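Pasting the structures here.
The following pair of complexes shares a single chain, chain A, combined with chain B in the former and chain C in the latter.
Take a look at the complex of A and B:
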C-alpha cells in the first residue's frame, strides 16, 4: 500500500496526516509542539509508524506550518508549502466548492477566499494573537474548565454578556469584571465567543467578500461555541469539515501526492528511522557585518544539514 | 563641517559624491542594522513610524562618529515625515548632542535649495563646481538604478540563486568608488554585461509583481526585510515606479515646470480617491489599477501607523477590477518568517491565477501547478 505523509508544525500544535493512494485518511495525529519541534516530530513518527499497516510505503512527504523548513530537513520533505496554500488544498478536497475558509489555530488565524477552486485573496492576523486558541486555553484554565467543555458550556448561555474583544488584555479584565459582577459562567463564555468572532471578522475579514459555503478549520473549530457565534454573525451555515484539526497536514500530503505523480514517485523521505537519529539545533552570531544575524544550524549525527536565519545568503545552501 | 544624511537604500552614495566634490566631508552612518534600530526605538515615541526610528538611529550613530550637520528631508507636502527633522532635532539635543539640523524642504525650493545648501556648507564654492558635483552624484544614482532594473530581471531567472544579488553588491561598491564620469560609465557597462551573462532559465515566464507603497520603506531593504530579494528567490520579477534617480529628477527639476511623473497614476485613482492624502497614499490606489494587464500582482508596503497607506488600504477592497494586492505592514515587531509565509502564499495565488487564465485559452497546456487538484 502506498501512502503520503503530511506534517504541519505550528507554534502550539503539531499535526500529522497519512493518506492512501486514493487520498483517504489512514491515520492522523494531533499533539502539542511544546516548544521542541524536532523532539516532537521524532516521537510522533514512532507513534504514527505503530498505527500503520506493515505493508505501507511512504511515497511522498510534505511539510507546512511555521516550522515547515525545519520539519522539512528533519524528515526529508518533497514539498515544503506555506499554511495558506496547504489549508486551501485540504479544504477544497473535502468541500470542492468552498468559497470561504476560516482557519483559527493556536497562535495565528487566517481567512482564505476561494473562487472556482482558486485562492483569490487571503488575510492573516498581523500584530495581535487575540482570538486564537492559546487565549481560549488560557481563559478556560483560569475558569477551571477543560477546554473540551468550553463550547458545550457556552451553548447553554441564555443571554450572552458583552465582552470587549479588541485585545486579550482588555478581554481578560472585562471577563473578570463581569464574573465579579455575578454573571453566569456560560454567559461569560458565550460572550467571549462572540467577542472573538467579532474581532476576527473586523480584522482579518475586513474588506473580504465572505460567501458560502464557509468552512471552519483549525483547532478552534472544535469549539461549538465559536462555531455558533460565527453562524449567528455571518447568518450562514458554517461547515466544519472532517479532520478539520489536521487539515493543513492533509493539504500538504495531497500536494506531496501530486508532486510524486509529477516526478515519477521518487521521494526524499528519510524513513521512520529518523526517530533514532541524533538531531541538534545550535545557533551562533555571524559577525561578518553589522547586522549580526543569528544563524541557526540543524545538525544530524553531528553533521550540519541546514542553516538559516541570515539576511544574506552567506550561510545558506548546504542542504543535502 | 562634517555632514551626514540618514540611510534610504543607497542614496548616501550620491550625496557623498556630491559633497566630496565640493570639498565637504561626509560622515556615512554604519549600514542600518539591528543596533541602529534599537537605538532609534529607545529614543522614539512608540507609535511613530519605522522611518522615524531608523533615521534617528542613523543620526545617533553618525553623531557618535563626529557628524556636525544633519540633513533630513522635511517641510510641508510630505506626510508627517515633514515634521520629523524638528522632532528628531529636539530629541537629539535633549540627549546632549550639539549639531545643526538642516531640512531640505525639497518640495519648496527644488534644485535651487539644494545648490544653496551646498554653497553654504562648502564655504562658498563656485556654482559651476557645485553643478558638476551634483551632476556626478545624480549620474551615480542613475547608474545604480539602471543596474537594479537589470538585477530584478536576472534574479527571477538565474539558475544559481544569489548570483545577481552578489553582483549587485559588487556593482554598488564599484559605483561608489568611481571618481570620474568615464570610470562610472565603464563600471556600469561592465556590470550590466556581467549580469546579462549570468546563466538563466530562458524557458520560464516569471510572474511580474510590482512594489508600491510608502517611499522610504519601498527603497530601504532593511525596513522591508529584503522583499525584492525574497520575491526574486521565489522566481518573481519585481517592478516598481519608485526609484531614487527618478524621484530626484522630478522633485528637483521637472516638477518646477509642472511636469509630474505621477499624473497617470493619479488619473487611474480618480474614481476612488480624488486628492492627495499625504505621503504615497494616492499612488497606492492608482498603481494596482494602472498596471492591470502589465503585472500579475502588487506588494503594498506600509510602515505601521502610516496614515496615508492606511487610507489606501481601506479603499483597496472597494476597487473593482484591480490587480491582487498583498499589504505588508513593516515595523520593528514584524517577523521575517511571517512575511515570507505571506509572500509564498501570494506567489502561489498569482501562479494559480495565471495558470487558470492560460488553461482557458489552451485547455491542454499544463503550465505550472501549485496544488489545488
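Take a look at the complex of A and C:
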C-alpha cells in the first residue's frame, strides 16, 4: 500500500496525517509541540509507524506550520508549504465548494476566502494572540475547567455576559470582574466565546466577503461554544469538517501526493528510522557584520544538514 | 575638505543623487552611513520616543552613525513639494527632532523646502546654502544645475530602464529589467525608505524573485501614471509621497500584473489612511489581489515569509487559471 505523510508543526501543537493512494485518512496524530519540535517529531514518528500496516510505503512527505522548514529537513520533505495553502487544500478536499475557511489554532488565526476552488483572499492575525486557542486555554485553566469541557459548558448558557475581547489582558480583568459580580460560569464562558468571535470577525474578517459554505477548522473548532457563537454572528451554518484538527497536515499530504504524481514517485523521505538518529540544534552569533545574526544549525549524527537565521546567504550553503 | 553627511534613510532613496551631486560639485565631500543594520536600528530606537514610526527611528540611527564623521548634516525640512499638498509632521520637524535627541549632533543644514509658501523648492538653486556654510561656497549655481540633471537622470533610469533605486544608488548592475517572463509579475508598492531598506523589509525584492515572481516597482510606472492613480482613487492628492502608495496602488491594481504587495509602517498616520483607501479600491471587482504587510521593528522574517508564500501560491494559481 502506498501512502503520503503530512506533518504540521505549529507553535502549540504538532499534527500528523497519513493518507492512502485514494487520499483517505489512514491515521492521524495530534500532540503538543512542547517547545521541542525535533523531539516531538521523532517520538511521534515511532507512534505512527506502530499504527501503520506493515506493507505500507511512504511515497511522499509534506511539511507545513511555523516549523515547516525545520520539520522538512528532519524528515526529508518533498513539499514544504505555508499554512494558508495547506489548509485551503485540505478543506476543499472535504468540502469541494467551500467559500470561506475559518482557521483558529494555538497562536494564530486566519481566514481564507475561496472561489471556484482557489484562494482569492486571506487574512492572518498580526502580533495579537487575543482570539486564539492559547487565550481560551489560559482562561479555562484560570476558571479551573478542562479545555474539553469548555464548549459543552458554554452551551448551557441562558444569557451570555458581554466580555471585552479586544485584548486578552482586558478580557481577563473583565472576566474576573463579572465573576466577582456573581455571574454563572457558563454565562461567562459563552461570553468569552462571543468575545473571541467578535474579535476575530472585526480583525481578520474585516472587509472580507464571507459566503457559505463556511468551514471551521484548527484546534479551536473542537469547541462547540465557539462554533455556536460563529453561527449566531454570521447567521449561517458552520461546517466543521472531519479531522479538522489535522487539516493542515492532510492538506500538505495531499500536496505531496500531487508532487509525487508530477515527479514520478521519487521521495526524499528519510524513513521512520529518523526516530533513532541523533539530531541536535546549535546556534552561534555571526560576527561578520553589525547585524550579529543568530545562526541556527541543525545537525544529524554530528553532520550539519541545515542552517538558517541569517539575513544574508553567508551560511546558507551547508557544504561551505 | 568640508564633509557633508547625508543619512541613508527616509528621503535618501528619492534625492541622494540630487543632494550628493550638489555638494560634491561645490567641492565638498559627501559621507553617508552604511546600509541599515541591527546596530543602526537599535541605536535609533533607543533615542526616539516609542510612538514614532520605524523609518524615523532607523533614520535617527543613521544620523548617530554619522556623528563625528562629518562637519555638517544635511537634513532638510520638507514641508511641501507641490502646492496645497502636505507632508507628514515628522518630515516637517525632522531637523529639530534629530537635534533634540542625537548627542553631539553636528550642525544641521535644515533647508526649509516649502513650495506651498512659494520660496524654496527642491531645486538646489533656491537653497541659499550660504546661510549655513561660510564663506559661501563657489560654483553654487552651476552645482545646482548639475545636481538637478543627475536627479532627472535618476528618475529617467527608474522609469524607462527599470533600474531599481537600490541598484542605482549602490552602483549594482540592474537586474529587474532582465527578469524572466515565464513567471508571474508582482508590483511592490510603498515608500522607498521601506521597500528599498533591505534590513527592515528583509530583502523583499530578492525574496519575491526567489519565490518566482517578477517584480515591478512604483518608480517604474512613471510619475504621470502614479499621479493618475492618485486621482483615480482619491480625486485630489493630499499627502506628499501619496503617489508611492495610493498612486502606485491605483495604477497597479488595474494594470497587467498578477498581484500587488503593499508595505506600510506600523504607527504611520498617513500610511494608515492611504492603505485604507487602497484596500477599498482593491475590493472592486476585477482588481488585482492585494497583500498588505505592516512592518515595525519587531517584524520577524517568518511571519513575512509565510504571508508572501501564501500570497504567491494564490497569485500563481490565479495566473495559471487565467492563462488556461
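In the analysis below, the second predicted complex is superposed on the first by the 317 of 320 C-alpha atoms of A that agree within 3 Å, B and C clash if a C-alpha of one lies under 4 Å from a C-alpha of the other, contacts with A are read in each partner's own complex, and residues count from 1 in each chain.
As a working rule, contacts are C-beta pairs under 8 Å (C-beta built on N, C-alpha and C of every residue); 3 or more make two chains touch, one makes a residue touch a chain.
All of these numbers come straight from a predicted model, not from anything done at the bench.
S.K.: Chain B versus chain C on the shared chain A, clash or fit?
M.R.: When both complexes are placed onto chain A, chain B and chain C end up clashing with one another.
S.K.: Does the superposition put A:55 against chain B (first), chain C (second), both, or neither?
M.R.: neither
S.K.: Check the contacts made with chain A and report whether chain B or chain C touches more of its residues.
M.R.: Of chain B and chain C, the partner in contact with more residues of chain A is B.
S.K.: May I ask you to decide whether A:66 touches chain B, chain C, both, or neither, giving the answer as first, second, both or neither?
M.R.: both
S.K.: State whether A:24 touches chain B only (first), chain C only (second), both chains, or neither.
M.R.: neither
S.K.: Per the contact definition in the header, classify A:82: touching chain B only (first), chain C only (second), both, or neither.
M.R.: In the superposition, A:82 touches chain B and chain C alike.
S.K.: With the two structures laid over each other on chain A, which partner does A:290 touch: chain B (first), chain C (second), both, or neither?
M.R.: A:290 sits against chain B and chain C alike.
S.K.: Name the contact category of A:301: first (chain B only), second (chain C only), both, or neither.
M.R.: neither
S.K.: Return the residues of chain A at which the contacts from chain B and from chain C coincide.
M.R.: In chain A, residues 66, 81-85, 118-122, 124, 126-127, 207, 289-292, 311 are touched by chain B and also by chain C.
S.K.: Using the touch definition from the top, list the residues of chain C that touch chain A in their complex.
M.R.: Counting only chain C, the residues touching chain A are 34, 37-40, 199, 202-203, 279-280, 283, 289, 294, 298, 302-303, 305-307, 309-311, 313-314, 317-318, 321.
S.K.: Where on chain B is chain A touching in the complex?
M.R.: These residues of chain B touch chain A: 30-31, 33-35, 161-162, 165, 226, 304, 314, 316-318, 324, 329, 333, 337-338, 341-342, 344-346, 348-349, 352-353, 356, 369-373.
S.K.: Could you pull out which chain A residues touch chain B in their complex?
M.R.: 66, 81-85, 88-89, 92-93, 116-122, 124, 126-127, 206-208, 251, 254-255, 258, 262, 289-292, 311-313, 316-317
S.K.: In the complex, go through chain A and note every residue touching chain C.
M.R.: 66, 81-85, 118-122, 124, 126-127, 207, 289-293, 311
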